[in-house]
Amino acid sequence: MAEMLTLTPVCEVIVELGEPLDLGATRDGNRRITPILGGELRGARIAPVGEEHVVDRNYLDLRAVILPGGSDRQLVRADGAIEIDARYTAQTDGGHLVGVRTVGIRRVSHDGTYFRVAVRFETASQSLTDLQDSIFIADGIRERSMVRHVVYRVD
Amino acid sequence: MAEMLTLTPVCEVIVELGEPLDLGATRDGNRRITPILGGELRGARIAPVGEEHVVDRNYLDLRAVILPGGSDRQLVRADGAIEIDARYTAQTDGGHLVGVRTVGIRRVSHDGTYFRVAVRFETASQSLTDLQDSIFIADGIRERSMVRHVVYRVD
Amino acid sequence: MAEMLTLTPVCEVIVELGEPLDLGATRDGNRRITPILGGELRGARIAPVGEEHVVDRNYLDLRAVILPGGSDRQLVRADGAIEIDARYTAQTDGGHLVGVRTVGIRRVSHDGTYFRVAVRFETASQSLTDLQDSIFIADGIRERSMVRHVVYRVD
Amino acid sequence: MAEMLTLTPVCEVIVELGEPLDLGATRDGNRRITPILGGELRGARIAPVGEEHVVDRNYLDLRAVILPGGSDRQLVRADGAIEIDARYTAQTDGGHLVGVRTVGIRRVSHDGTYFRVAVRFETASQSLTDLQDSIFIADGIRERSMVRHVVYRVD
């Protein structure tokens, strides 16, 4: 029998959003494109609940700014749920570039808001290679004109 | 502060594989296509470690066979890691169809095998609508000519 | 000023279809998956209208069978048009594998049927490298349980 | 026997490019992201060579500016060919939004430069519905910091 999957928080992301472009009912559904203007990625210092605060050494050095030019190409489903599909690029303090893609769902029900994405990184940086070698998920919190994610590695 | 994400095991999947077709070094990289011949999805009866065994009521009724005709279009990276991209269709006991797509990674290191995927379902079945409304991840175990997944809902 | 694009017919394709699986109104729209059971690719001996029949030397040797296991993952739009997204693999007489993806549209109006796709090939075969280095389009004719394409290279 | 496909020029596109971000050798290959800063789409007044100049009535009204925020996520292949994958959004004089995606190839050989893409439009504008109902291809000419396309409908 396999062991349960575990989640390790590895970074926080803040994404700054511009004014959404609402294309309306296109061939793919109700398309809405939200520009990504900037933001930040920071290696996490969060520890799993009930454990001591342990800094994940792989992510200690991750401090990156999100470059303008990204976007979230959403589809607004008939039931009101939003299919998220965001792409953007970040640049680390050391000058390395990291591509980020988040795909997931945001929906509001009487139980609250469910906003979860799968996260895919691509980078040629040797020190960040783990970002390409693992699967990541994140929650999402929408605040005014920004989204805040905590990203977890699936271990 | 957001609460930690939690994982709820919701179903087990067994995927039966055919002989892989190795296309070699194509424009996209080393492409390998593994046919999916059959298999099965079953609603999970697994409970998180340390809790009592609780059957997730949403998934109790899920029992489906995987139809032949799917495939896993893998890319074998230069470092030996395999990018997984599988699509297949399952049919429930009640006759409903469920599309499944798994995207992720399988790599072997001195620490063992890391085989994790994000799972995306699509279905028009009212009783399975939660499969479209949530994010799912899974581990993977390769055994001879099959892959075994435990699929978790990201809560 | 750029010259007009020209089209060079390079091969004919016959795709044998199985019974479609109709998933109904899923998160992505009305999804229908048609299995691809077999078929054939043959290098064209067709010349542009008004010119002498010239055999394109690059394609003279292309003779391949389509392997079972492919599929066309269609979306049936509200206006009745069908978004085509087919993937399959063919094997040449020489044993080389060629991946094929066709993306396009089939719709019926009072002017007749419009069935056109963009075609993308991937192969590691040196003799077929032109298939990876050019853009291709095709018409489509649906006949009972098969589709017939003439594929053109965009020159 | 099917008739030959024909191409009808329908619009010209000018895409203004920013400084490319070179991610280097990522998991997907050598990734380079070129920001799209602006540009323009104009309904074509070009007629096929050898025919009289006929203005395509469907496209007479198309005059749109490309909004900043798009990008071309290229992969630079080992043989030097570039896989193009650009997405951007344009806004017409009438205020309608049109999403554009171009996928194709640019490569340089002793025969010159081959730069061809398949073009996919999405829009909810009734007057531009033909953009969603047909297949389009384009050539491309790179000039300093811009790309110039002539887009053809595949008839």
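Quick notes
We just call them A, B, C and D in the order they show up, numbering each chain from 1.
FYI, a residue touches a chain if its C-beta (ideal position, glycine included) is under 8 Å from a C-beta of that chain, and two chains touch if they have at least 3 such contacts.
Quantities reported herein were computed from a predicted structural model and do not represent experimental measurements.
Listed by label, the chains touching chain B and chain C alike are A, D.
For the touching copies chain A and chain B, the fraction of interface residue numbers used by both exceeds half; the interface is of the same-residue type. When each chain is reduced to the average of its Cα atoms, A sits farthest from chain C. If you average the CA atoms of chain A and of chain D, the two centres end up 29 Å from each other.
Once the centre of each chain is set as its mean CA position, chain A and chain B turn out to be 21 Å apart.
The geometric centre of chain B is 36 Å away from that of chain D, both derived from CA atoms. Residue numbers of chain B whose C-beta contacts span two or more other chains: 27-28, 81. Listing the residues of chain A that touch chain C in their complex gives 27-29, 77, 81, 83.
Looking at the complex, you find that chain C touches chain D at residues 2-5, 7, 9, 48-49, 81, 103-105, 107, 114, 116-118, 133-135, 137, 139, 141, 148, 150, 152, 154. Per the touch definition, chain B reaches chain C in the complex via residues 18, 21-28, 31, 33, 35-36, 67-71, 73, 87, 89, 97-99, 122-124, 132.
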